[in-house]
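Multiple structures follow.
Here subunit A shows up in two complexes: once beside subunit B, once beside subunit C.
Let's turn to the complex of A and B:
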């Protein structure tokens, strides 16, 4: 059958939100006009751990027209409803981290608001804080449960009644390494913000505005906010209306935190009786919102002399911060990626997350995988060194492939494009020739050049969609409505936060329905107008939600075409005239073959994986230890590029975040305080730091995704840091097992290696 | 009262002279296309042109603008017709989340006004004060180069046309 219209999947159609964004017309949360709105602000703890004895308002300050609320004003449960109920919306008795919110203030003047916040004193009796993974493990202070452990997982693979240590010791070559990674700030350029308006019954004068609480803001997951608001305000779901403003980047940072900010703004609005705007400044955003989890990962492996990997032991500790937030899921994804893209006969992977008195860590692109992939990729280089093999050759020798079995017992049956990724990146970068050339020793002393180059590779994968049985529990839904003139309206909760969802969903729907691209409308997510498609996270938007967008669009189009003969628009109008509402609600059904056991942690961890090879070339100044990335090649198998330019944009943007994490970004904490909560001193890469990218989109289709598409969002975050480290190691000749790799870190690494050698 | 030209129109404000230009543009003048990302001159999301030179409007006191000319993202297009840069940012992946886009466009516009044949290094220099967390900058550089090529093509077509016209006249 020939298609009725030109297909758009695989083509670079114009970005549908592009015009509004290049003309300044796109309305972000801070651009919303809210007549009569008050400005909201937050009173935060200045100590890391303590007991709250009281909240004092300076009696000499003029409190006229100023609203102050505390935990006592919360009508429902004082919890941020997510996984555990351990985090309060406002601290009541216990203080568990610096910047913990204790009271909220609203006022019609932003200057007076800051004065009012300063006129509130918190009376806190300090307690000794737990500030690191090691502090938590020492258990001198117990701040969570009985042992400070928020969550623990173990994966065991083919141990056959032996211990993993026995299996490793039976191998020819044993290598042990310890690797560490640090915090990372998402640093979306638009800080978090929410506008809330509480409307009592009968007050809703505007047509279509229901009573209850209306919140609009910068967010990824409207139904996460909805769930938290219902609980905090003891409201039925139909009285909570959560909408998305145009969102200036998220990267996970606007996954769970917006629930807190939305509830804060709504609480102030309820008490003050007016709309309230809460827009964070940059400093408050960096201090208060979540970061990537720091981790310490120990790996011991056994392999043959020929380089065949045999047995793997991973001990992974993550710092969850003061509250659980999404830590169990981050830890889970972390350990499920800890074996890397390789075959192991035997494995034991043990992960745990501990509580500390630092701001809660949470979702950030990659979600635990960049931490463990950093470790396994660095460890592969350590094994290669010990065997005297090229590190990429060792990887090629041990790659997972179709028919191979992962450490959770998952047999890979399709869509493994890793070999092609490596071939493309190697050829384009001339990896092997450069690796050999840069390995030659420096010219004799006296004629030493000031800079040295290195080249390094990382090979990795990222599971697309929710972990394990997540999608089965989630039951994501999409609604497609027929509208006059034969147009389709797609209603989903998947937010466009810059990645291009609005454009890509139109492409998928148009092709599935065989309708022109511009006859598809995408509803802006608002919990009152769209079904719960699940959160916009986990590289699931295209593969999971996109697949039901296509299904729903096709169902409606088929009904129209089956209703008679004639052109689509005429048939559609006739059908609408007869039936009034023509609509379908489609629920996601994971492929039946995908089975997972949460108790044993065995089975199909993800429906499929995206695969990649990154190659980085660097030049390091041997006097200043500054690193310049001079080339970067990323070849990534994402199944199908629905919109190649947007996919390349994901790969390059994600990779630069990984390069930033490795070379520039460093959150400095002291006694639980962040010392560099500013863009001036928390340094993200500029256009001058970014290398020219050579990007290859490799397409080994996955049968469960639309047109074969898998996830692309997070994969690029996983491999950049280890590829950079491998290149830097070659350039400076010193080990880089811990992030970050700032000039002072490289100087120390080099000094240490020289001491070790002498 | 401070008087200055914004996007070609004379505007007045009774804001205190030390008020940030950014706040005056966004609130009383309603030009919310100019964004605040950091408030300390690092991110460049608030870039506007002041007498043709890109500046961070969070670091400019509105009193400094008396009698001068400010161009914001809203003033780049000629009516409904987008500039080559605006078109390229839509088509070539220069805009993702869009929050840095107004500032990027202003910085790039200032570059192309003085150099329509920039090298990639020239482009990276011109936008070095504008942070983007989405794109990795490659698509922004490509978008600016595509726009520069479009500007050059238009100019050469125009000069050919005028040359052809001249020959006919002769």
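Let's turn to the complex of A and C:
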């Protein structure tokens, strides 16, 4: 047998992409050199809703060498193939949001391109737009289906023939609350971009390049783009080649939109007969691409005087924007997290998403859960207030645990580390002592700078992997090949978008195969040379795809070792010489115990959950209402930290994104236009605004994940905002039920509460 | 290369004078030739503005006069004016110079505090005082600080020189008294007396890389309990950086104890009517401006 190899899982190996990125050698889509490529741009609607009557090209403009395409030029179906077929690649008759793409332009000069775009006028007959959830619900204008509802779900748990209202009214203490959250822009560091070219039959055969259309760009899910491209161009799958360039962040924002941009670049390239590059600037990226869904969530609960939670009613409305995109899935995850990390005897959770004439909302880290967790966590604080209990004590009293049953009827059987998370965060932050101290009246009078502190907690969980039967339907696959010298090549569609997939897959494969870390290669995802492992979303990359990466690597290594005696490389080369190709294709099999019913919305919503407790300590200036987060403790049970530094990075980064959502970010819209589509005025926190983080990686292993790992990508986005809000509320004594909590909002809330008191 | 290309730069001539006189001559000639000319100091406004300008709105720019090679503009010196100590900054003095010049740090630490709040280090090393003044953004950080220090700008042209107090320099939103052919050669500020209450407080959208919602600079001096000097500059509450002359008039000659919050607030209400915009609300700005002024004046 081979000599023992140092295991790397659980160790902080150097990131394989680190050197290239730090030294500027990594090739992002904008760095790709494509000889003869044209620059592509987009003509967009300036109205939120209307009927497109015509597209006029200014006759006084010199159109020589400029390609213009419209919906009529699309060879296949004019739809963005995803869930519903409601979104066109280019608007043909109906305009449904500002910035909707209507025509595309390509030119060899970027300045002339901008001039050409400005020389195209859209004749649009405006119609009254629907711009908010309330507008859509009022149904004065019907813009989707018969009632503006894009999707609706209901979860019912142990109602026993009664209504949820009856069950709630039978309780000692009834609390009602209404909570709202706002848009959020992903603000990945690299705006979206795609480069497309067409290869005629036989042309690229020598170089091993397939016929058909080639698109390379910044993306999370190559096979989503592949599916959309087949449909748009009426092509067989083997003529569509989608590759990933080094990608500078996604956060969900590069889940569905790249399908549109890829099809746009490819369409221009097809008509112009030249390669086309379409790279968005920041403004266009913020205006055109998806955002987090705003939501309004009403909760009514009943509990005992002693604080035992009994019955829960949630009414959750989300703003899907102009097209369905991934909204049904976001809504589903939202309602599946709406009960929080708590036991309820009875529950009814009703969620619906409405269409509005605003840019489509879509995938964003947390995927619906940050919205509903905001609401339930704020509501837990409202209950605690009513009971006169410490809010964290109330949470501890009602926590889900192994053996407990969730509102979908799922019995938790393993990997519930929430108690340890709370203990660690509480002890390190000194939560209870600070909570008591900050409850006392104001600090020393006469001090010229008036500030007050507060501390707050949130407890939450995040389902790991796809919802319900998603993984069973998807059948994600990974291929592992043996290569000369005893090296393994892992082929998967899971993209490294900055979160470290390449490094972590090597760790998992190396340990499973008992081979050195540097003998593992990770193939850069391209639909022509990797199998469909499913999308890089839903905190599933390590837990789901990682588990089959390990399995495949072990299978190949076992075959090599079983082929004879001697060192691994020699055996491998001999085996390759005999068999020419040594490869395995592994398909993901969800744990058999996981059963889900899509019709009743009952069963095991997720194979497992990651758990967490966040504690935030803030200092608020009582004159300016600026909130400074002076401490943040995040204890998160992720099963196993494959790479602890990167996991801690996910926790800190995700938490900072949540802090941004709570305290800084604010998408300003007027008549469907975004007024602050710049990094200067869409304000995300900088490192200077980041609090000192204390992070605990808690490890209660999940039997279905590699080395026990669950998801870590989204969990940290869920709890930051409610923890901050609880702390701010304690500091200034104004109700914080709606996001954001900008200084202006706190000033308004405080002014109102003072008026109310006097 | 983003799809948003800098507009029309290809047609622009660039000249790099070495002296103020040379720069003025170039500007005068351009004016006579009716060529559109722009001064380039740190470039943190002019380059960004042209980059962001929609192509169909881009104005032609015939000439850029790059001032970065004019050494006279980067000097910091001292002078005595009627027995009072003044510092004189060349127009090209950067925020980074304010943060690192020993005389400035010792005499007017408020300028260091202000400079720290500008953009981030990259902007601080490029951005200049004259550029900040000439751009005439009501959200400028440097201008309120210089205004509270009784700043006076020296404007130089081919025909000569004149001086204008900063509180008379701005005419309207982004409009100044600066005439074609003139450049800001110097800014003179009075060093506050030892023991003066000197305030700088920027309320921005975040701690760095932020544009102010409100920023207040204040210099309050007293003699035996009587306020002898109360000078302010406040950003982002009016079309121009505002000196709050009414508050000055109210406070000077009174004791701290004779001032009360309601009277000061009322004076501020008469002077500024901040607006709602993408960064903040008028009501919030007014509230914060009052709170910051009161922090500066409170007994």
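As a working rule, the second predicted complex is superposed on the first by the 746 of 758 C-alpha atoms of A that agree within 3 Å, B and C clash if a C-alpha of one lies under 4 Å from a C-alpha of the other, contacts with A are read in each partner's own complex, and residues count from 1 in each chain.
Keep this in mind: contacts are C-beta pairs under 8 Å (C-beta built on N, C-alpha and C of every residue); 3 or more make two chains touch, one makes a residue touch a chain.
Keep in mind the model is a prediction, meaning the values are calculated, not measured.
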| item | value |
| --- | --- |
| Which superposed partner A:248 touches (first subunit B, second subunit C, both, neither) | first |
| Broader residue contact with subunit A after superposition on the shared chain, subunit B or subunit C | B |
| Partner chain in contact with A:744 - subunit B first, subunit C second, else both or neither | second |
| First (subunit B), second (subunit C), both or neither touched by A:284 | second |
| Subunit B versus subunit C as contact partner of A:115, first or second or both or neither | second |
| Partner chain(s) touched by A:176 [first = subunit B, second = subunit C, both, neither] | neither |
| Partner chain in contact with A:31 - subunit B first, subunit C second, else both or neither | first |
| Contacts of A:393 with subunit B and subunit C, given as first, second, both or neither | neither |
| Partner chain in contact with A:414 - subunit B first, subunit C second, else both or neither | neither |
| Contacts of A:668 with subunit B and subunit C, given as first, second, both or neither | second |
| Shared subunit A surface residues [contacts with subunit B and with subunit C] | 30, 191, 281-282, 678, 680, 686, 688 |
| In the complex, subunit B residues that touch subunit A | 26, 31-40, 42-43, 45, 72-74, 76-77, 82, 85-86, 89-93, 95-102, 105, 120, 123-125, 127-141 |
| Touching residues on subunit A, where the partner in the complex is subunit B | 12, 14-15, 17-28, 30-31, 186-191, 246-249, 251, 281-282, 497-500, 645-646, 648-649, 651-657, 678-680, 684, 686-688, 690, 692-693, 695 |
| Complex interface listing, subunit A residues touching subunit C | 30, 39, 41, 110-111, 113-115, 118, 191, 278-284, 448-449, 623-626, 664, 668, 675-676, 678, 680-681, 683, 685-686, 688-689, 743-744, 747-748 |
| Touch list for subunit C against partner subunit A, complex | 1-5, 7-8, 10, 52, 54-56, 120, 203, 205-211, 213-214, 278-281, 283-284, 287-288, 291-292, 295, 298 |
